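Across the two complexes that follow, chain A remains constant while its partner is chain B and subsequently chain C.
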Partner chain A sequence: MDTVNKPARRVDALGKVLGESRYGADLSFEGMLYGKVLRAPYPHARILSIDTARALALPGVEAVLTAADIPGFHTFGTVIPNQQVLAKEVARYQGDGVAMAAAATPALAQQALDLIRVQYQELAGVFDPARAMEEGAPLLHADCPGNIAAHHVLEKGEVEKGFACSDIILEREYETQLVEHAYIEPEAAVAVPQTGNRGVTVYGSIQNPFSCRKALSRILGLKLNEIRVIQSFMGGSFGGKDEVMSALCARAALLALKTGKPVKMVNTREESIREGYKRHPYKLKYKVGATREGKLMAMEIKIIADAGAYASQTPFVTWRSVVQATGPYEVPHVRTNIYGVYTNNCYTGAFRGFGSPQIIFAQESLLDELAEELGIEPLELRRLNGFRQGSVTATGQKLDNHQVSLLEVVDKAVEKSAYLTKRRQYAAQRGRFRKGIGLACSFRGCSLGAEGVDATGAMVSVQYDGSVYVYSGLAENGQGLQTIFSQIAAEELGISLERVRFMETDTALIPDGGPTVASRSTLMGGNAVRLAAAKVRETLLGAVLEKLRAAAEELAWGGDKIWVKADPRRSISFEEAVNAACAKGELLTQLGWYKAPKVTWDDRHGQGDAYFTYVYGCQVAEVEVDMETGYTRVLKITAVHDVGRAINPETVRGQIYGGVAQGLGYALLEEVQQYEGEIKSLNFDEYLIPGICDMPEIEAIIVENPDGYGPYGAKTIGEPTLEVTAPAIASAVAQATGRRVRQLPLDLERVLLGRSLQKDRYKRREGGC
Partner chain B sequence: MNKLPVILTVNGREYKLTVDANERLLDTLRQQLRLTGTKEGCGIGECGACSVILDGKLVNSCMVLTAQCHGSRVETVEGLGTASKLHPLQQAFIDYNAIQCGFCTPGMLMAAKALLDKKPDPSEAEIRQGLSGVLCRCTGYKQIVDAVKAAAREDK
Partner chain C sequence: MLEFNLYRPGTLQEALKLLAEFKSSARVLAGGTDLLISLGSREREDVKNIIDITSLRELDFIREEDSRLRLGPLTVHAQIADSPHIRQGAGLLAAAAAAIGSPQIRNRGTIGGNIVNAAVCADTVPPLLALGATVKLERLGESRWLPLEEFITGPNRTGLEADEMLTEIAFAKLPATAGWGFMRLARREAMAIARMNVAVILDRDSRGRVVSACIAPGAVLASPARIPAAENILLGQCPDEERIHQAGQAVAAAMTAAGRRWSTPYKEPAIIALTERAIKQALEVEWR
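So, the complex of A and B:
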């Protein structure tokens, strides 16, 4: 391979280092107005009346709109369309928009909001999901009894029998926190009315242009082909710029269509944190049974996830949790119940990991605790129960169509980190500063799995001078997708990367290929690019064969030329091949469409082949804890991930470093402070993410077991990187302190005292905060 | 609103501007001068996306009023290099894959430049210290540190 499986410079790097790449907030159009939205002051309130007259009278204000002005539906959503673009009768959390204004300047738009008078009737709210499930709790959505947004069940074997056969039974409760994506770029969008035609074009930091277009069509009452969504450069997303961007784009579009002028809307950081969805907090109850030797016999799991006010991706997030909740271990008898529950908290949705970081924290902590009870080294417990070739998962799926590399990645991480030596060395420490080392591993289903339709497209277009365009329905969010797809196109055509230009995602130019989520881009989109490029190559081949008078098998492609293997002097350049094909009137633009292999799912029992392939990862964390303050310093993370095949090892490593950083934040620092639906940590002074001085040495190790389905064998890397970091750190902290913390984050209080001084995550703090 | 005349030299070019008394340097750069390479991530001096060099010193341009910069020299990412002649830091960021979404990149580059201007041969700890005012959510910082090290070597 010439281009694939080699480091390549990012194709989008130049514009970014020059400061020329335009992000949503950088865009500007002639006559552009600025939009601002007024949000609900209460987490749950009935809107009695809205008076916009004074706001409208302000000179320079061109439109003031409420839900009553929306031509289509005022709600949208991928699974259950109950999210409000502007609240109609009831505001269900403090991020809900109530009214909005467009004016000549942002300051004027803000002034207009101050002049809008809204009468509310405050309603009783519910903030603790367990409480929200009880009878008599306030209902968020009339059609959802018990406030249940999602409920998934999994039944394998006979769990009672499994416990009866166990020598030891352990019950533990774990808890994870509300986490913010904290992409450095706050949401931004510009909507421009189309001229000459009905419709609107929207630009912005949009993770999923097609989901956005679908929402807009529903809200604006326009046809899909009347809405064009063009992605700008994205200042990070991590799953976070989906529904919140659909809402922002819809608002900008409503104002643009009302005024006939371009309208730009940019959230401040405070607005972004107040309105944008977050990672679900989970409460997890695990009961595990095992034999004396450590063989797992049964697990019973009950999980409650806080969905917040709207469904968003909760049904899918909790579905991934139910599939993976027992971890990469063989457990013959399993019963899992997971509930996603509506509350008047900020809603929760997609966030890198997508329902896995929570369960992995619980299941890996549990395995450690079980090992301790049994007097076995945690590593041994994993070796004893970990998936091997042909193992059967909790959903009854036999893992035999790909290399099951769990033990390979675990062994490698153990070796590279000198885990066993250090584990012994740190076993009995005294003194103020104590070290610990811990390990966590995972398996992860690639792409969407049985969540839904999984197919995507790409277009490769060779120009008559031999330069190439690549278009994709999946979007660059900063992860490096453009570079990976360009490398694949270049590899397939045997040309240098410099010839390829990647076009921004534009819903008018390429078929809807589903969302850029679930670490599916390289696997799904990469296959689509490869198919498209292969079709072009097939066309070129016709012309080449005539020129070189050789059979297809005798030819080699690469380095911008095609030659006869046996006689390299008989060759033609890529340009000549293109010219020859053009002279014959051939089409050198092709669409590639890739449909995922079949998966199956039985909803009633939670059984089936949930994903068509899986990846495996293991991380080892080494920490030092100050026993007097509880301060935990991470000394090193060794991260080993099987990616199938690294299309670009440098960007794979970049994904690992970045994922580990987010995992470290999840473990030690990050928690959105939310009390009775009011978020207190609205900016980076209160919401702390890892800075450059918080980051330890990270050793990133790529393992390659090419997958039968992936392009060149490539699978997935984006999400696995962050899901195992927190449990590895928690395990290391437990070794250092001799005490297991079962709640995230492991902040000073929890590490020092074993509990948080904050009484209840959902209650208002005494005396405010 | 009080309007004030301000003379500012940005990337070597002098501008005579009229600004609001409460206008932030960040807004002047982004809106009046259309230099949108400098980004806004928080508006409260925490993220460093808006970092520029003001009279030789690294500042958060969201925390500086333009009216206070009369007669000052400002360097932004747009003045660092050009496509045909990249600054060694820009080249190193490309070579070391120090960029993902790129939103922190201008701030990182300016912080790194301010550091290397003062300390051409920094240690790793000094690099981390020098860049500590800029947050990145994508990269885990490692490849950024590597890039700055390489650019420092290159510069010698």
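So, the complex of A and C:
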């Protein structure tokens, strides 16, 4: 291979480094207005009346709209469309928009909001999901008794029998926190009314242009072909610019269509954190049974996830959790129940990991605790129970269509980190600063699995001068998709990467290929690019064969030319091949469409072949804990991930570094402070993410076991990198301190005292540090 | 966004004139690392006039005179951290300045601003208290000097009158016999507000007995202050592990005596440890 499986400079790097790439907030159109949203001051309130007269009377204000002005539905959503673009009768969380204004300047728009008079009747709110499930709790959505947004069940074997056969039974409760994506670029969108046609074009920091278009169609009452969504450069997303961007784009479009002028809307950081969805906090109860030797016999799991005010991706997030909740281990008897529950908290949705970081923290902590009870090294417990070729998962899926590399990645991580030596070395420490080492591993289903339809497209278009366009329905969110897809197109056509130009994702130019989520881009989109390029190559082949007078199998492609293997002097350049094909009137533009292999799911029992392939990863964390202050420094992370095949080893490593950084924040620092529905940490002075000085050495190790389905064998890397970091760190901290913390994040208070004090802070209404 | 008039006086006299005119409707802009944030968040709607003194070079100096150090209020943290005069004569102040924020903030934020903003967790204030610093306050036509501990009156509160400006900070250099310690705890390595900090200066005689002691913690009381009860435990002693621990406990006791807050269960053990470490650092014994 010439281009694939080799490092390549990111095709989008130069413009970003030079500051030339245009992000949503950089866009400007003639006569453009600025929109601002008024949000609810209460987490749960009935809207009695909205008086916009004074705001409208302000000179320079061109429109003031409420839910009553929405031509289509005022709600949208992927699974359960109950999220409000603007609250109609009831505001269900403090991020809910109530009214909005468009004016000549952002300051005027803000001033207009100050003049809107809203009468509210405050309603009783519910902020604890367990309480929200109880009878008599305030109901958020009339059609959802018990506030249940999602409930998934998994039953394998006979769990009671499994416990009866166990020598040891352990019950533990774990808890994970509300986490903010913290992308560097807050949400931004510009909506421009189409001229000469009915409709609107929307630009912005949109993770999923097609999801956005679907929401806009429903809200604006327009046909899909009347809405064009074009993605701007993205300043990060991590799953976070889906529904919140659909809402922002819909609002900008409503204002644009009302005024007939372009309307720009940009969230401040405070608005972004207040309104944008977050990672689900989970409360997890695990009961595990095992033999004296450590063989897992049974697991019973009950999880409650806080969905917040709207469904968003809760049904899918919790579904991934139910599939993977027992981890990469053979457990003959399993019963899992997971509930996603509505509350008047900020809603929760997609965030890199998507229901896996929570359960992996619990299941990996649990395995450590079980090992300790049994007096077995945690690593041995994993080797004893970890998936092997042909293992059967909790959903009854036999893992035999790909290389099950769990133990390979674990062994590699153990070896590279000197885990066993250090584990012994750190076993008996005294003193103020103590070190610890811990590991965590995972398996992860690639792409959407049985969530739903899984297919995507890409277009490769060769121009008559030999330059190439690549279009894709999946979008660059910073992960490196443009580079990977360009490399695949170049490889397939035997040309240099410089010939390829990747076009921004535009819903008018390419079929809807689903969202850019679930670490599915390389696997799904990469296949679509490869198919498209292969079709073009097939067309070129016809012209080449005539020119070289050779059979197809005698030819070699590469380095911008095609030659006869046996006689390299008989060759033609890529341009010549293109010219020859064009002269024959051939079509050198092709669409590739890739449909995922079949998966199955029985919703009643939680059984089936949930995903068509899986990846495996293991990380080892080494930490030093200040025993007198609880301050924890991560000294090193060794991260080993099987990616099938690395299309670009450098971007794979980049994903690992980024995932570890985010995982480290999840482990030690990050927690959105929310008290009775009000978010207290609205900016990065209070919401702390790791900085460069907090980052340890990261040894990123790529393992390659090519997959039968992936392009060139490539699978997935985006999400696995983040999901195992926190449990590895928690395990290392437990070794260092001799105490296990069962709640994330392991901040100063939890490490020193075993509990957080933040709730007290807000209950007592005290500020300060 | 707040609207205000921006003035850029060319001399200190002009600045004082503007202050005399605008009084409480004015704020002085030095580094802006605190002021600009509060302006953006609509907390300061009473502010109508901003007096930008960033170009007043006459307020930007570090001078050593007769074993005293004199600092202009516009001296930024990076200068303090790097100054040979301060590193040699007041090392704990250099250490505190070096721990603030990030390079960007240390290049903008001023010592005058850190004092006048009077945050409970201000990093330069405990070292300055331990050094016995005094501050010069000027209004048009007159000036006065105040000990720093009298100047800071509470969280974000000072004795600065509306028409006054802080124009100098002065203190004696540490004698060669003195040792110092500065400890700081935050939630991450950089760009993090101190949860607590503590400055210690100990001077000992030739037999190792403590002849003077200053222990000044920050973010422990309503504003940074010296803790005489802790200092007295060390005075006249050759401090051993037990004494050092008692001094730490005395700081914690001063904190809890002032009231128990949400954070007290954590801060109580942590401030004992930080104080012990700062004392050990001052005594030049291993604290890790």
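Following the convention adopted for this analysis, the second predicted complex is superposed on the first by the 757 of 769 C-alpha atoms of A that agree within 3 Å, B and C clash if a C-alpha of one lies under 4 Å from a C-alpha of the other, contacts with A are read in each partner's own complex, and residues count from 1 in each chain.
Note that contacts are C-beta pairs under 8 Å (C-beta built on N, C-alpha and C of every residue); 3 or more make two chains touch, one makes a residue touch a chain.
Computed from a predicted model, the values in this text were never measured in an experiment.
Colleague: Once chain A of both complexes is superposed, is A:236 in touch with chain B (first), chain C (second), both, or neither?
Modeller: Touch status of A:236: first partner only.
Colleague: For A:691, using the defined touch cut-off, is the partner it touches chain B, chain C, both, or neither? Pick first, second, both or neither.
Modeller: A:691 contacts both chain B and chain C.
Colleague: State whether A:184 touches chain B only (first), chain C only (second), both chains, or neither.
Modeller: Only chain B is touched by A:184; chain C is not.
Colleague: Who wins on chain A residues touched, chain B or chain C?
Modeller: Of chain B and chain C, the partner in contact with more residues of chain A is B.
Colleague: With both complexes overlaid on chain A, does A:289 touch chain B (first), chain C (second), both or neither?
Modeller: In the superposed model, A:289 contacts neither chain B nor chain C.
Colleague: Does chain B (first) or chain C (second) touch A:25, or do both, or does neither?
Modeller: First partner only.
Colleague: Should A:353 be classified as contacting the first partner (chain B), the second (chain C), both, or neither?
Modeller: The answer is neither, since A:353 touches no partner chain.
Colleague: From the superposed pair, tell me which chain A residues show up as contacts to chain B and also as contacts to chain C.
Modeller: 685, 691-693
Colleague: Enumerate the contact residues on chain B facing chain A in the complex.
Modeller: 30, 34-44, 46-47, 49, 76-78, 80-83, 86, 90, 93-95, 97, 99-106, 109, 128-129, 131-132, 134-145
Colleague: Name, in rising order, each residue of chain A that touches chain B in their complex.
Modeller: Residues 7, 9-10, 12-23, 25-26, 28, 181-186, 233-238, 268-269, 477-480, 650-651, 653-654, 656-662, 683-685, 689, 691-693, 695, 698 of chain A touch chain B in their complex.
Colleague: So in the complex, the part of chain A that touches chain C is made up of which residues?
Modeller: 107, 110, 431-433, 628-631, 633, 669, 685, 688, 690-694, 747-749, 752-753, 757-758, 760-761, 763-764, 766, 768-769
Colleague: Quick check on the complex: what are the chain C residues that touch chain A?
Modeller: Within the complex, chain C contacts chain A at residues 1, 102, 120-121, 155, 185, 187-196, 219, 261-263, 265-266, 269-270, 272-274, 288.
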